[in-house]
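Following are the structures in question.
After this come two complexes, each holding chain A, first together with chain B and then together with chain C.
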Partner chain A sequence: MSSQKNIFRLLALASLAALIILPIFLPPFQRYILTEILIWGLFALGFDIIFGCTGLLNFGMSSFFGMGSYGFVLSIVKLGFGFWPALFIGILTVVVFSIVTGAVMTRFKSHYFIVFTIVMSMILFFLAMNLRKFTGGDEGYTILVPSLSLGITDISLAHPLNRYYVILFFSAMAFLFVQKIFRSPLGRAIIAIKENEERAKIIGYNTPLLKLISFTLSGTVSGLAGILYVILNSTTNAEVFFWILSGKAVMWTVVGGLGTLWGPFVGAGVLVFFEDILSSWLVKIYPILIGLILITVILLAPQGIVGYFQKIWTPGGNGK
Partner chain B sequence: MKKREMEATLRTQDLTIHFGGLTAIKKVNFVLHPGEIKALIGPNGAGKTTFFNLICGNLKPTEGKIFFQSEEITGLSPYAICRKGISRTYQKTSLFPNLSVRENIRLGAHNGFGGKLHLFRRAETIPMARKKVEEIMELVGLQEKAEQQVLNLSYGDQRLLEIAIGLSTNPQLLLLDEPTAGLSIAESRIMTAKIKDLAKRSIQNVIIVEHDMEVVRELAMSICVLSNGEILTDGPAEEVKKNPKVQEIYWGIGEC
Partner chain C sequence: MIELLISQAVNGFVWGWILALISIGLTLIYGQLGIINVAHGVLYTLGAVGAYYSFAWLGGWGWSLLLSPIFLAFVGFILYQTTIRFALGRDPIVTVIITYGILFILEQMTFLFYGGIPRTIPNPIDYGIPFMGSTYPLYRVFCAGFSFLAIAGLMIFLKKTRFGLWIRATKQDYETALNMGIPIRRVYLSTFCLGAAMAALGGVLAAPISSVNFNMGNNIIIDAFIVVIMAGFGSIPGTIVAALIIEIVIGVSASFFNPVLAKVIGLGVMLVALFFRPEGIFGED
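And then the complex of A and B:
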């Protein structure tokens, strides 16, 4: 068991080293794609928390992404905040939004929950489209992201490499935080809900509260991805609430491996990378090829790429 | 009310539940004294599992009250009742199938023996829970299968794990719902011996729902017979077995 753990540790360290060194040598467009993969991976991690680890199929993940990005942008545009206060407001917005919506939605089960989450994201999309004075509608806002003040020095986010490292830092911190939670008794209790909610209740777990905690954690992680998206692109608009983005989170997580936490990053990496390569070569038929990749992974490794390797490296284990 | 009843581990007062027009449990006044192992028997549909569901908070009674160690627990949620010290097992095995045996037990132990709210500490490193998990695995004899995924366990081992999870929350009262259901005669004997052993070593207050009269004879100090949601008789095992009504309804005349 310990040698398998070492393989995972080694892989994690190698990936981190590659993520730190690689962008220095990458051409701008490839570096941009890599930055995007980090953001989409983080966004899909939110979906993995709520579905892969808790068993609640949330089809409205774009709501949290949008709330995070709008919280961040509006506090800069309307309130003139600097980087840290804007980041705080962005996160606070999505935390409050997650608690309020989660308190209602986690009381519903199975398809009711799914329908409510889709409806929530569509309501937000139409609100964002129609409340143009506040949200900028489909044009949204283009901003100059304030410099990141570290007390002794300021990091300008105008430079793409700086943007990349800031995004890498926040993504890695969020990932480590989530991983830590899911190794703790609290996280294991959330996984128990996915496994058998009735029994979890009977052995003393306040399952409604745990579901709300998971819902909020999931929303906050996806909301942070929304903030990082603004840092990368200096813009946001009503499109960020659209359901297609939620669908992509599902796709990335399924391909990467549900309930694995690494899976969303791997899934986003594989699919965004192929989409990028194929869309420039085969402009018209690339969606079909992406579909083929999806079908192949689901048929050959239903537990996703990371899930597949976890299974073959930890025989008889629980895959985590 | 008699002093002995006031001191009861578990007491119900006119406990009733209706499902539409059907009265599944009707004015049941049940008493379990400290240190007692009581069998709850009755034909299928008598209301035994419904009674367990009421005690554990899975169902809310239409009327009546439930007291556990003199404290009223009527209408509390299942997790609150568990924290008061009541645990149960299921007739149909109800486990965490994709997790290991050890983790199945640990999930309960975090509630029963501290540590459930640790945010940043690895679940397996919490000392008290860790110690208890090992003890419980030893008690039920699953220590060699600790790392096995529950899905891959034999049915007999799953039944043992069912009891281990029941014990993991550190209960003062354990409700066993047909622990030998689906087991062969040999497995059933092993299970009975294990339950007897753990009743001696670990938990004193047990209510057991069981159809197998051999198991009841072996384990129970007293028997409560339910029929159509009502208590037919309740008392020491030997007395109840001699009751002509019980013989007629449950055992069949002359069989006992």
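And then the complex of A and C:
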């Protein structure tokens, strides 16, 4: 087991080093795509937590993304907040929203849960399109993201490289935090719900509470991605609530590997890379390719890219 | 005001029947094959696109009432043989993702063939019937009537024919049906094709009312899912009632609020209904 563990540790360190050094040499467009991949990977990580690790198919992930980005943007636009207070309000918005909706949603099982989450995101989308005074509708807001003050010095977010490192910092922190949780007894108990909810309940776990915790964690991670999206693009609009975005989270996570935590980043990396690099000359058949990839992956390697390598590198184990 | 309310309710009633056609296909496929067909909306789109081409090429919209369902049954056959049959017996979530892939492929093919510009078909029955002091388009009444006949035909088919008996038997008890020598695979295949043909018919009927666009199915598929769940999976009468309720509520509230809020109200009604009757309007069949 230990040699496999070392492979993964080495891979993790190597990719972190690459993520730190590479952007300095990348041309602006490629660097932008890399930044985007970090954000979409984090967004999909939220989906992996609720579905891959807990077994609840939340098809309304765009709600949290939208809530986070709007919480952040509105506290800058309407309240004139600086970076840290706005970040705090943005995260607080998602946490409160996740706890309130999660308390209702997690009572429902299987397809009812799916439909309730879709409907939640659709209602939010319609409201955001409609309450133009508050949300700006489909034009949304374009803002000047305030500088990030660190006490002794201010980091201006006008420079793309600065934005990249800030986004890398937050998504890496969020990832490590989530990984820590899923290696702790709390995370193990959440995974037990996915394996067999009845059994987890009989053993004595408080399954409703665990589901709510997972729902909130998942929503918060996706909401943080929404905030980082604003930091990258200085803009948000009602479209972020649309269900297509939730569908993308499903796609990225499935292709990357459900329940692997790394998977969402790998899946988003592969597919967004395809979309942005290939689509310039394959634009016409790109969606057809994506459809074929999805069907092939789910039929032949339902464990996804990361899951596949974990399986072949770990004899008889699950690679965790 | 009251005239507006009533005509909106009648509009909702007409749309409700079209939505029922689509939702029944969904509920049949789920009840029978255990497949959550996310690509059902594209089949509806293809039906409407077929209606456009029979108007443009064959000179008459009416042909598509026959040709679109046949074409879509054929598309359903290809989909079943190439992908759907590998998804049988898998986790419902897996079927969602597979059909999501099909949605991507079919929608893009429609886009490449048909183009991204919405086109309209002139009203095939250009006649208004006098109704509360003004006129109401006869075509819409025809839509409701035709959908009603198609659904009634389906129900008679399921109740009275040997094949219908097979379909119901397979749904009730897979093992026993298999032991009795029912050709399960053929039953699955024809159920899928039947569902596709129903969606196509919905598209054909809707085409002259709304404009024909390559992604028009995306708007109706969510409504159809809501109807199916509100009705309780597999119940055909429940599906009709749920579709009519949803569309009439949306239609009537559209005369008070703007269309977007009306849609939110429709969704709200569905949530309330599910809260009090989680097993569906008539329960699971």
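Quick note on the criterion: the second predicted complex is superposed on the first by the 317 of 320 C-alpha atoms of A that agree within 3 Å, B and C clash if a C-alpha of one lies under 4 Å from a C-alpha of the other, contacts with A are read in each partner's own complex, and residues count from 1 in each chain.
Heads up, the rule we're going with is that a contact is a pair of C-beta atoms (placed from the backbone, for glycine too) under 8 Å apart; a residue touches a chain by one contact, two chains touch by 3 or more.
As the structure is a prediction and not an experimental result, all values here were calculated from the model.
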Chain B versus chain C as contact partner of A:V119, first or second or both or neither: second
More chain A residues in contact - chain B or chain C: C
Contacts of A:N6 with chain B and chain C, given as first, second, both or neither: neither
First (chain B), second (chain C), both or neither touched by A:G291: second
Chain B versus chain C as contact partner of A:V250, first or second or both or neither: second
A:L127 touches, of chain B and chain C: first, second, both or neither? second
Chain B versus chain C as contact partner of A:R183, first or second or both or neither: first
Which of chain B and chain C A:E198 touches, first, second, both or neither: first
First, second, both or neither for A:S156, with chain B first and chain C second: neither
Contact footprint of chain B on chain A as seen in their complex: 1, 180-181, 183-189, 191-192, 195-196, 198-207, 316-319
Residues on chain A engaged by chain C in the complex (per definition of touch): 51, 57, 108, 110-112, 115-116, 118-119, 122-123, 126-127, 129-130, 243, 247, 250-251, 254, 284-288, 290-295, 298-299, 302
Complex interface listing, chain B residues touching chain A: 56, 58, 77-79, 82-83, 87-88, 90, 94-100, 103, 106-108, 110-112, 115-123, 126, 129, 147-149, 152, 165, 168-169
In the complex with chain A, residue positions of chain C that touch it: 36, 83, 86-87, 92-94, 96-98, 100-105, 107-109, 112, 222, 225-226, 229, 258, 260-261, 263-264, 267-268, 270-271, 274, 278
